[in-house]
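Listed below are the structures to be examined.
Look for chain A in each of the two complexes below; its partner is chain B in the first and chain C in the second.
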Partner chain A sequence: MRVDVGSLATVNALARSGAERGARALTSLTNVETRVDLTDVTFQPRSSLVESVADGEYVGVHVGFEGGLSGRTALAFDRESASAVAKLLVPGEAGDDLAQSGLMEVGNILVSGFIDEWANHLGRSINLRPPSFVEASGARVFPPAVREGDPDEQIVSFHADLATVDEAVDVDVYVVPGREALGTILGAGDGENPLAVRTLSAFAALTQRGAERAAETTSAMTGIETDVDVFRFSAVPVEDVPSRLGDDRYVGTVFGLEGTPSGYFAVLFDAASSDHVVEALVPLEDPDPELRESAVKELGNVVTSGFVDGWANALGGTVEHTPPDYVDDFGDAILSPLAGRLGQSQEVAFVLDSIVGTPDESVNCELIALPEADSFQRALDSFPIDAALDQQ
Partner chain B sequence: MTDRYVRVGLAEVRVSTDGTPLATSGLGSCLAIVAYTPDDVAGMLHAMIPEAPDEGPGDRPAKFVDTGVGLLLDRVGEAGDGRVRVKLAGGAKMFDFGSTDASVGERNAAAAARILSSRDVSVTGTDLGGAIGRSVVFDPTDAVLRIRGADGSTNRI
Partner chain C sequence: MTRILIADDSAFMRNLLREILADAHEVVGEAENGVEAVERYQEFTPDLVMMDIVMPIRDGIDATDEITSADPQANVIMCTSVGQEEQMKAAIRAGADGYITKPFQKPNVLDAIESVIA
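Let's look at the complex of A and B:
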C-alpha cells in the first residue's frame, strides 16, 4: 500500500480538532478563554524529543489509552502555568492535593478531546486509563515507555500547544500512539510495522543524514565543531509554519527547490551566531555588509547542495536549487512567504526541521525544508525504502 | 499605552471593544488589516494568502485576504458604531527565487485593495511592500498603527 501524504493532513486535522475540543472544555471549566496555538504531528528520533524538553521544569499528567487504539499521552505544564491552572480551578490557597486533583482533571479533559476525535474518525471505542501525576525535570515529564529506549528510534507524537489569552497558562499536550495504533491512524492497515510508518520514518532518517552532512560542512568551512541537535519531521497547518521560528531575528539564505521533491529550503542562523560564523568565514576585523552577505550565501549554498544531494541520490533523481536569497529578518516573517506560496495549493505543510549547533549554543542554525505536497508524494512513491533502511 | 495587547495570530481575526491595543508580529508577505470605528472598536486580521480556493476557505476564512476582510468588516461593523475605516501593513516581497511573477506579498496587497474597494471602505493609511518583515500595534483610542521593521525602522500611520 502506498503512503498517502493526505493521511498526514487528515491526522493533523484530527489533532487540531481534538485540541480545540479540549480547549473549549477547559474554557468552560475555568471561564478563561483558552486557545490552540499550534498543533503538529511529528516524526523524530527519541533523542530529539528528549532534547526538546531538556531545559524545562514541568508539572505533568500521564494518561494511557487502550481499546480501539492504544498509546500514552503526557501533558506538560511549566510550573507557573500549573499553579495558574490550579488557581483557576480552586480559587484561594489550594492545598497540594486539591491542586493535584484539579490538574489531573484538566489532563483528562484535554486528552479526551484528542481521543474522542480519533474514536469518532475510526468508529472504534477507546478507553482512557486513570491519570497519574508527575513533577519532573526535562524528559522525565514523559512516561518511561516514551523516553526510554533506542535514542535513534523514530517516535511519532501528536503535539498541541494551548494557552489562555493572557498567556498565563501554557500547556503542551503530547499524544504518543503505539506502533500498531499509528498504522491504524495513518490508514495503512494494522500490523507490527506498517508501511506508512516505515516509509515516513526512513525518509525522515534520510533527511536527518542530510542535516548531519550540513553540520559537517559547516564545521569544515568555519572550523567551528557543530552537530545536529534536533531533527523533526512534522505535518502542520500551513498557517502554523511561520510561528515555528517566532519573532527572533535570523540571518541566512533561502532557496527554491526544483525536482523530487520541489519546495523551499532555508539555512538560518540566529542573529548572535551569524556574527560568530561570519567571523570564522571572513578573517577581517569588522567586514563590510557585502562581504558578510556573500560569506553567509556561500555557506548556505554549500550546505544546501549537500542536503538536497542526499535526497537526489536516494531517489535516483536530481534536485536543483535557485541561487541563494540572503535574508536578515524576523524568523516568522522569513517563513511567511514560503508558507504563503505552499498554502495556495495545500492546507498542510510538511516541515523537515533540524537544528545544527555547538554544545555551548554559540552557533545555532535552523535548517528548514518545506517540500511541496505533490512532489513530496512522488518522492515517497519512488523511495526505495528497504535499501534506505539497510543503510541505517 | 497599556502593556496589555490582544495578540492576533496568523490566520486570525480578533476584535477589541475596550480600547486594548491589537498586536501582531511576523508580517513578511502576510498582511495586517485593521478596521476601526469612531467609538474605539477595532479589529485586526493577519492573512497570508490572497484568495480562498474555489471550493471555499474551509474552517479558516482568516487565512485568506478575500474571505478574511469580509469577516473582519462584519465583526467590527457589528461591534462598533459608525463608519468603518481601514489601515494596512505588510505585503513585503521577501524573495524572488529568480521569478518575475508577482510575489505573494504583492498579490496579498492587491487582493485587499480589490475587496476593500468593492465594499466601498475608506483606507486611511498603508505601509506596504518593501523587502523586510514588520511587527505592528494598533491603538483603538488614537487610531494609530505603529509599525516596527526588522531593520529597526519605525513608522506611524
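Let's look at the complex of A and C:
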C-alpha cells in the first residue's frame, strides 16, 4: 500500500476539526470565545518534540487512549492560563481540588474532540482513560512514555494551539499516537498501512540529514559551529504556513525547486543572526549592502544544494533550484507568497522545517522546504525506504 | 421531583451537575466510578442515573449494563465527553436511555431528563 499524501491531508483535516470542537467546548465551559491558532501533524525525532516545548512552568493533563487506536495525549497550560481557566470554571473560593478537577475535565473534553473525530472517521471505538494531572517544567509536561525513549526515533504528533480571544488562556494540545495507530490512521478505509509510516519516517530521516549537511556547510563557510536544533515534517493547512515564522524579521534567500520534488526552499536567518553571519562571511569594517546581500545569497545557494542533493541522490534524479531571491522582511510576509502559490493547487502544505543554530543562539537559521503536493507524491511513490534507512 | 444519582469521576462535573439540577430535581447520591455507581444505585434506587463513560476502576457502559440487567426499568442518561458513534451505540446496547455530550448547558440537561422520565 502506497503513501497517499491525500491521507496526510485527511489526517490534518481531522486534527483541525478536532481542535475546532475543542475550541467550541472551551468557549462553552468558560463563556469566553476561544479560537484555534494552529494545528499541525508532525513527524519528528522524539528529541525535537521534546525541545519544541518552551521552558517554563506548566500545568498539564494527560489522557491515554486505547482500543481502536492507542496512544497518549498531553495538554499544557502555562501557569497563568491554568489559573485563568480555573477561575472561569470555578469562580470564588471553591478550593484547589475543585479547580484541579475542572482543569482535568477541560482536558478530557478537549482530547475527546480529537479522539472522536478519528473514531468516527475509522468506524472504531477508542476508549479514553481517566485523565491525570501534572505540574511540571518544560517538556516534563509530556507523559514519560512520550518524552522518554530513543531520542532519534521518528514519532508523529498532532498539535493544536487554542487561545481565548482575550489571550488570557492559551493551551497546547498534543496527541501522540503509537506507531501502529498511525498506520491505521494513514490506511483509513483500506486497513493498516505500516508502509506509509516507514516511508514517511525514512523520508523525514533523509531530509533531516539534509539539514545536518546544511549545518555543516554553514559552519564551514562562516567558521561558526552550528548544528541542527530542531527538525520537523508537518502537514498544515496552506493558510497556516505564513504564521509558522510569525512577525519576526528574517534575512535570507528563497529558491524555487524543480524536479522531484519541486516546490520552494527558504534559508532564513533571524535579523541578529544575519549580522553575525555576514560579519563572518565578509570580514570588513562596514561592508556595503550589495556585498552583504551577495554573501547571504551565496551561503543560501550552497546550503540549498547540500539540502536537496540528499533527495536527488536517494531518488536517482535531480532537484535543481532557481537563482536565489534575496529577502529581508517579516517571516509571515516572506512565506505568504509561497503559500499563495501552493494554495492554487493544494489545501494542505507539507512543511519540512529545520532550525540550524549555535548553542548560544547567536545564530539561528530556519530552513523551510515546501514541496508541491503532486511532486511530493511522486517522490514518496519512488522513495527507496531501505536504502534511505541504511544510510542512517 | 426526579431523584437522581450522579456518577462521574470529576468532582468539578459532579458539582456542576448538582448546581444544574438543584432547582428542579433531587440529587440522592454521587459515585466516582462504575463500581460505586452500581452500589449507590442499589442503595438509593434513584429514578435516573446521570452516568459518565470514562471513569476509573469500571467505566460507565459496564456499570450501565449491570444496572439495567438487574433493573430493566432503570433510567440512565450517558453524560460524557465521548462523542463517538460506536460508543454511543455501545451505551444504548448497555441500556442507556439518552446521551448528552459535555460540555453541556443547563437546558440540554433538563430537556434530556424530561424526555427520559416523561
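Quick note on the criterion: the second predicted complex is superposed on the first by the 383 of 392 C-alpha atoms of A that agree within 3 Å, B and C clash if a C-alpha of one lies under 4 Å from a C-alpha of the other, contacts with A are read in each partner's own complex, and residues count from 1 in each chain.
Keep in mind that, in the parts below, a contact is a pair of C-beta atoms (placed from the backbone, for glycine too) under 8 Å apart; a residue touches a chain by one contact, two chains touch by 3 or more.
Model, not experiment: these values are computed from the prediction.
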item	value
Chain B versus chain C as contact partner of A:97, first or second or both or neither	second
Contacts of A:346 with chain B and chain C, given as first, second, both or neither	neither
Touched partner set for A:322, first chain B, second chain C, both or neither	first
Touched partner set for A:337, first chain B, second chain C, both or neither	first
Parts of chain A lying in touch with chain C, wherever the complex brings them together	21, 25, 28-29, 68, 89-90, 94, 97-98, 101-102, 104-105, 108-109, 111-112, 115-116, 119-120, 123-130
Complex contact set, residues of chain C against chain A	9-13, 15, 54-56, 59, 81-87, 90, 102-103, 105
Complex interface listing, chain B residues touching chain A	4, 6-7, 9-11, 25-30, 48-49, 58, 60, 63, 92-98, 103-105, 108, 132-135, 150-151
Residue numbers on chain A that touch chain B, as the complex places them	37, 165-167, 237-240, 242-243, 246-247, 249, 254-256, 322-323, 325, 327-337, 339-341, 343-344, 347
